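Below you'll find a set of structures to go through.
Next come two complexes, and both contain chain A; in the first it sits with chain B, in the second with chain C.
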Partner chain A sequence: MTREQGPYFSQAASLESLSRFRDYIDQTGRQLGVDPGVLADLRLVVDEAVTNVVQHGYQGRPGPVEVRMKRLGDDVVVCIRDQARPFDPGQVPAPQLDKALADRPYGGMGLYLIRTMTDEAEFRPAPGGGNELRLIRRSAFAGTG
Partner chain B sequence: MTTFSIMVEQAQARVPVTVLRLQGDIDAGTQPILQDRAAEMIAMGTTHMVLDMSEVGYMGSAGFRAIHAINNLLDREQSDAFERSKYLKLLNPNSEVEKVIRTLGFDAFLDIHHDRDQALESF
Partner chain C sequence: MFEIRQDEAGRVVVSGRLDAAHAPEAQVFLDDLAGHCVMDMGALEYISSAGLGVLLRTHKRLLADGAGLKLVNVNHHINDIFTYSGFDKLFEIEAAPASG
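Then we have the complex of A and B:
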């Protein structure tokens, strides 16, 4: 497994950093020419992923979060790295969307949105420790959808 | 840092309605502001609420967690039937927020209005 190369946007993990990651995705996506609807989905997905790292990975402890977005052919690839404890997405219960709100447990929506709004979402241990989430959205450019 | 604020308005339709005008972005950092303010209004007697989202640019799942909690506070009967909320309505979400509402299935329970008067008269 090779570590993803290229410049990453890095911030200390905190809820205050979420808007900076969204801004990074907006700016980079516009520079790359990503379709605006796709870009809105990716902004949401990255916000959800970084929120999970802050709240469940680091659990309030300090640590870095790094995000990189790049074009690969007609696709957009986003990588999110952290140095938090190992994350097993299989341990996160799926949201019970078929239940009435009063009966529905809280939680699980972030991971559901990550999976729904991307074509691939691969969680894997990062070389050297931590986690890496690799997201792919296919046909992400105007005229390729 | 995400900016988010709430303006509270009281309106009179067939029932008194509290309108929370949400301004800014709702993420995991700002979600408690919404949830706490709504809970405070419900504790003070609000029974019917409109969340005016005209000025919300972004809302992630944290915002839906808050809406879920607000709905459960307002729905004192804890309806277990698959019925639409009689107590909470959404007004003017942008197309991106509305897409997430539908993706998470909240549109099955919460009416989405694009006219303030219609939202108020819907109670």
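Then we have the complex of A and C:
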């Protein structure tokens, strides 16, 4: 397993960094020519992933979060790395969308949205510690959808 | 940037980006409301799951008193997120008029 290469946009883990990560996705996506609808989805997906790292991974402790977005053929690949404790997506309960309001839990939506709005979402341990989330959105460019 | 306020007609007006950084501020504001509430989302650019949680909590609390939260002027992208998350079955939602 090789660590993804290339420049990453890096910030200290905090909820205040969310807007900066969204700006990075916007700017990079526009430079790459990503379809605007796809870009709106990716902005949310990265927000959800970084929020999870800050709240559940680091749990308020300091640490870096790194994001990189690049084009691979007609696809867009986004990688999000951290040095937080190991994350096992299998431990996150599904959001139970079919439950009546009174029975519906508040959590679990972030991971669900990540999976719904991408074609692939692979969580894996990063070499040297931490986690890496690799997201793929296929046919992400105008005219390829 | 995120802003939440009540207009002269009593509608809750939200604008900007409702993410996990601003969800607590929105929750504090909404916790003070009672009765039937209408939230105008015309100027809301963005909502994440943290914002969805705020809406769900508020709607649940208001419904327990026989009222509820109605979401109006909802743009296309946010409407899609409501559909993915099953909110279209839980809330009364009015889409924004189609633009341009």
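Rule of thumb we're sticking to: the second predicted complex is superposed on the first by the 145 of 145 C-alpha atoms of A that agree within 3 Å, B and C clash if a C-alpha of one lies under 4 Å from a C-alpha of the other, contacts with A are read in each partner's own complex, and residues count from 1 in each chain.
Throughout what follows, a contact is a pair of C-beta atoms (placed from the backbone, for glycine too) under 8 Å apart; a residue touches a chain by one contact, two chains touch by 3 or more.
Quick caveat: nothing in here was measured; it's all calculated off a predicted structure.
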item: Simultaneous placement of chain C and chain B on chain A, clash or fit; value: clash
item: Chain B versus chain C as contact partner of A:56, first or second or both or neither; value: neither
item: Partner chain(s) touched by A:44 [first = chain B, second = chain C, both, neither]; value: both
item: Contacts of A:115 with chain B and chain C, given as first, second, both or neither; value: neither
item: Partner chain(s) touched by A:71 [first = chain B, second = chain C, both, neither]; value: neither
item: First (chain B), second (chain C), both or neither touched by A:15; value: both
item: Touching partner for A:103 - first (chain B), second (chain C), both, neither; value: first
item: Residues of chain A that lie at the interface with chain B and also at the interface with chain C; value: 15-16, 18-19, 22, 40, 43-44, 47-48, 51, 54-55, 95, 97-98, 101-102, 104, 106-107, 109-110, 112-113, 116-117
item: Complex contacts: residues of chain A adjacent to chain C; value: 15-16, 18-19, 22, 37, 40, 43-44, 47-48, 51, 54-55, 95, 97-98, 101-102, 104, 106-107, 109-110, 112-113, 116-117
item: Chain B to chain A touching residues, read off their complex; value: 1-2, 25, 27-29, 58, 60-62, 64-65, 68-69, 71-72, 75, 78-83, 85, 96, 99-100, 103-106, 109
item: For the chain A and chain B complex, residues of the former touching the latter; value: 15-16, 18-19, 22, 40, 43-44, 47-48, 51, 54-55, 95, 97-98, 100-104, 106-107, 109-110, 112-113, 116-117
item: Sites on chain C touched by chain A in the complex; value: 17, 19-21, 46, 48-50, 52-53, 56-57, 59-60, 63, 77, 81, 84-86, 90
